[in-house]
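Okay, so subunit A shows up in both of these, paired with subunit B first and subunit C after.
The block that comes next holds the complex of A and B.
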């Protein structure tokens, strides 16, 4: 039974992956852009899901890390560095800044932590806007090149979509591995009961900082892909609302669920596009949809699925109990 | 020196508006653990309700009354019944996210149904200057300060001097015990939502003549009020007032003494320092909740 369920899951996963590779082949330019954006935002949301969903540390600064990554990539690639090098720099930079941002989390928790990270997010935006010697200020950085991989240029939308998808695949595998490693378990212990985690010998200090740093580093990766995707960046996309959007993606998808960010990013990036036919009303409908969903299921989309599966399992278990009981009775 | 005086007066006037918004913000937090990310949009909306009433032919005074009433219905009653009530028991974060979505919805609704452009808004105070201690002070600043101070005093008197206020405090401090001794906790919570709606409508009335009515004007204001509430003390009405005035003055001083580019950074850095060294806020008390 469980073997069958597992192979079903694997088959489903393979179909989805094949679909993501094959179906976009005849998409137009804009469709590919939106889908690439989905892949990039999913990476950033996965990072936030690690910090928030698994380690339980509220962060309203993920958008700032996407910005840091994007600027690192934009500045380096326009100066002739290859994109992979820029991604490494983006990771290191976001990791370091995220580590430092984790220190307030050692002192304050929950909403206070949210406020500190919110302030950081706005400060980062001010730096992007005002330090024009580095970031180009409000004029931004244009003509960001797309990379060549193994001699294949990715200037066209389709090849670059595969770059984004490939990066998403690598990040997904890494996160999958991470949450199943002792580190992932330590993160969850931190979320569920920090005091008990500490008494079990988990260095909560280090893991709190790690949760922030790794989550932020993924934000940096997303940013480093965002810059060559749009080929032009200015400070506006990296203001506070990006951080809020990313937080919304994680909660709407289902915080603490591995597939939550995939669905959340899908809602946040694709749903407004699907609603475009309503013209001026599309963002309004999107807002109503998000509120409705959260009222229905505060644990997000995967929360609904989780509840449904749990219910079915209880039902199956009680049915089995009933059968066993009647067998016992007939045997007597 | 005269420059400093002008800055202080202007800062106190903006700060008084921040304080109104911040007080509402803390009231919602205390009675229902609602972090209202749409508070800035709550301030933006009443001005448009009043403008709509005026477009329909109502005189200004009637438009103000209608605006406040509609704000109580939509932003007080409606907000509580439709969004807060179904989500309250699920914790702070999902509700906070829902209010973020609400903020987007309100902004888009105003943009779509009213206008994407900034509209002028009449002032309740006549324009002009009066001379105080040899300084020209704009009547508008004085008017804003007077109205805001009256509102805050009225609210404080309500909370501290009346039986109703005491019941509200009890409902906020310990809902369970309050319920046992017969306080209608649910009604008290609803009352704080209505008070918040009146406060944001007042703030809207005071600030819109200065900054024009625009669908996006809530963003900056909401954040300022947010910072004011936390800096002053998230769990204290007088903390929110002090925080509002402080942030208003700090903002104005930073604009002329630091740099226009980084003026917005000053309150933020102040916020981070306060949270790290005094998380309960400057006037707040730790572990205790008081209206």
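The block that comes next holds the complex of A and C.
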């Protein structure tokens, strides 16, 4: 039964992966752009899911880290550096800044931490906008090149989509490894009960800073892909609303669930396209849907699935108990 | 017998209130020391000062002769000092087994090996043994939050032993545990005390439990040590009777 369930899951996963590789071959330029954007935003949301969903640290600054990564990549690649080098710099830079931003989390939590990170988000936006010697100010940076890998140019939408998808695959494996390692367990301990965690030898300071730094680094990776995807960046996409969008993706998908960000990013990126026929009503419908969802299931869409599976397990277990009991009675 | 823990002159003030007012005592290697006293007499505050959860306003704590005052709780735990809590303190969404692996993982390897090494830090067997020892077998894969109060108390105690501690401070382990489970708990504590040579300090209101479990008992009242001695001596002490029964 469980062996069958496992093979089913693997088969389903392979079908989805094959679908993501094959189906977009027929997509037009715009379809590929949307799908690439989904892959990039999923990476950023996975980072926030690590910080918020697993480690329980509220952050309204993930959009700022996407911006840091995007500017690092834009500046470097327009000066002739290859994109992989820019990605490494984006990771290091956002890891370091994320680590520093983690320090307030050692003193304040919840709403207060949200305000600290919100202030940081605003600060980052002001740097992007005002430090024009570096960032081009409100005019931004244009003509951001797309990379060549092994002699293959990724200028066209389809090859670059595969760059985004491949990056998403690498990040997915890395995050999966991280959350099932003792580190992942320690992150959950921060969320569930930091007091108990401390008394069990868990260095809550170090793990809190790590949760911020790693989550932010993934924001940086997403940004470093976003810049060559759009090939033009200015400060506007990286303002507070991106942080709020990413937060929404994590919460709608299901915070603390591995697949939450994939689903949340899909809804946030694709829903506007699907609801295009409603014209001006898209945002209103989205807002109402989110309110309804969170009233019904505060743990997001995957929370509904989780509840359903848990109920089914309980029912199965009580059915088994009933059978065992009746057997015991007939035996007597 | 040498002293594992030496506490001298520990004080803790909250504003104008002296919660702990110059408490000194030794805990000997391998003993089970009981700590009793009326509610609000400073027992839990004393624990929190010893364990680094609170910074004492004065005084000193020594572990094996070395000053450990001011160390963080996680650092003290790495030195072999563990604790349980008065109120339920488990990780509710993690399974019982995951709770126990979590309780031991920081005692295995280092930060790097915990990132690249095995997912269970090599602790699944140890966790299963602990689960068997505390008779939680049928609950091993259940989320800890779904356990009954008494079962969570047992889990809390089991977690305190996962790192192989030398000294364990138990804060009201018997509170809210039903009598049959309590007998089990006592049996387990005695077994660990003997087999692993672990030293215990136990805060408890259940007199029968304390008197039958502990080799020595310390009585606190209004932040001070009122009496210290064998259970039968303490029970007869007029000052103790006065503190408990009032004027």
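The rule is short, and it goes like this: the second predicted complex is superposed on the first by the 332 of 332 C-alpha atoms of A that agree within 3 Å, B and C clash if a C-alpha of one lies under 4 Å from a C-alpha of the other, contacts with A are read in each partner's own complex, and residues count from 1 in each chain.
To be clear about the criterion, a residue touches a chain if its C-beta (ideal position, glycine included) is under 8 Å from a C-beta of that chain, and two chains touch if they have at least 3 such contacts.
The shown structure was predicted, so the numbers you read here are calculated from the model rather than taken from an experiment.
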Partner chain(s) touched by A:104 [first = subunit B, second = subunit C, both, neither]: first
Touching partner for A:270 - first (subunit B), second (subunit C), both, neither: neither
Touched partner set for A:305, first subunit B, second subunit C, both or neither: neither
Touch count on subunit A, higher of subunit B and subunit C: B
Partner chain in contact with A:199 - subunit B first, subunit C second, else both or neither: second
First, second, both or neither for A:88, with subunit B first and subunit C second: neither
Partner chain(s) touched by A:281 [first = subunit B, second = subunit C, both, neither]: first
Subunit B and subunit C footprints on subunit A, overlapping residues: none
Subunit C residues within the subunit A interface of the complex: 51, 53, 72-74, 77-78, 82-83, 85, 89-94, 98, 101-103, 105-108, 111, 114-117, 119, 121, 159, 162-163
Of subunit B, residues touching subunit A in the complex: 35, 37, 83, 86-87, 90-98, 100-102, 104-105, 108-109, 111-112, 223, 226-227, 230, 234, 261-262, 264-265, 268-269, 271-272, 275-276, 279
In the complex with subunit C, residue positions of subunit A that touch it: 178, 180-183, 185-186, 188-189, 192-193, 195-206
Touch list for subunit A against partner subunit B, complex: 58, 104, 107-108, 110-112, 114-116, 118-120, 122-123, 126, 129-130, 240, 244, 247-248, 251-252, 255, 280-281, 283-284, 286-288, 290-291, 294-295, 298-299
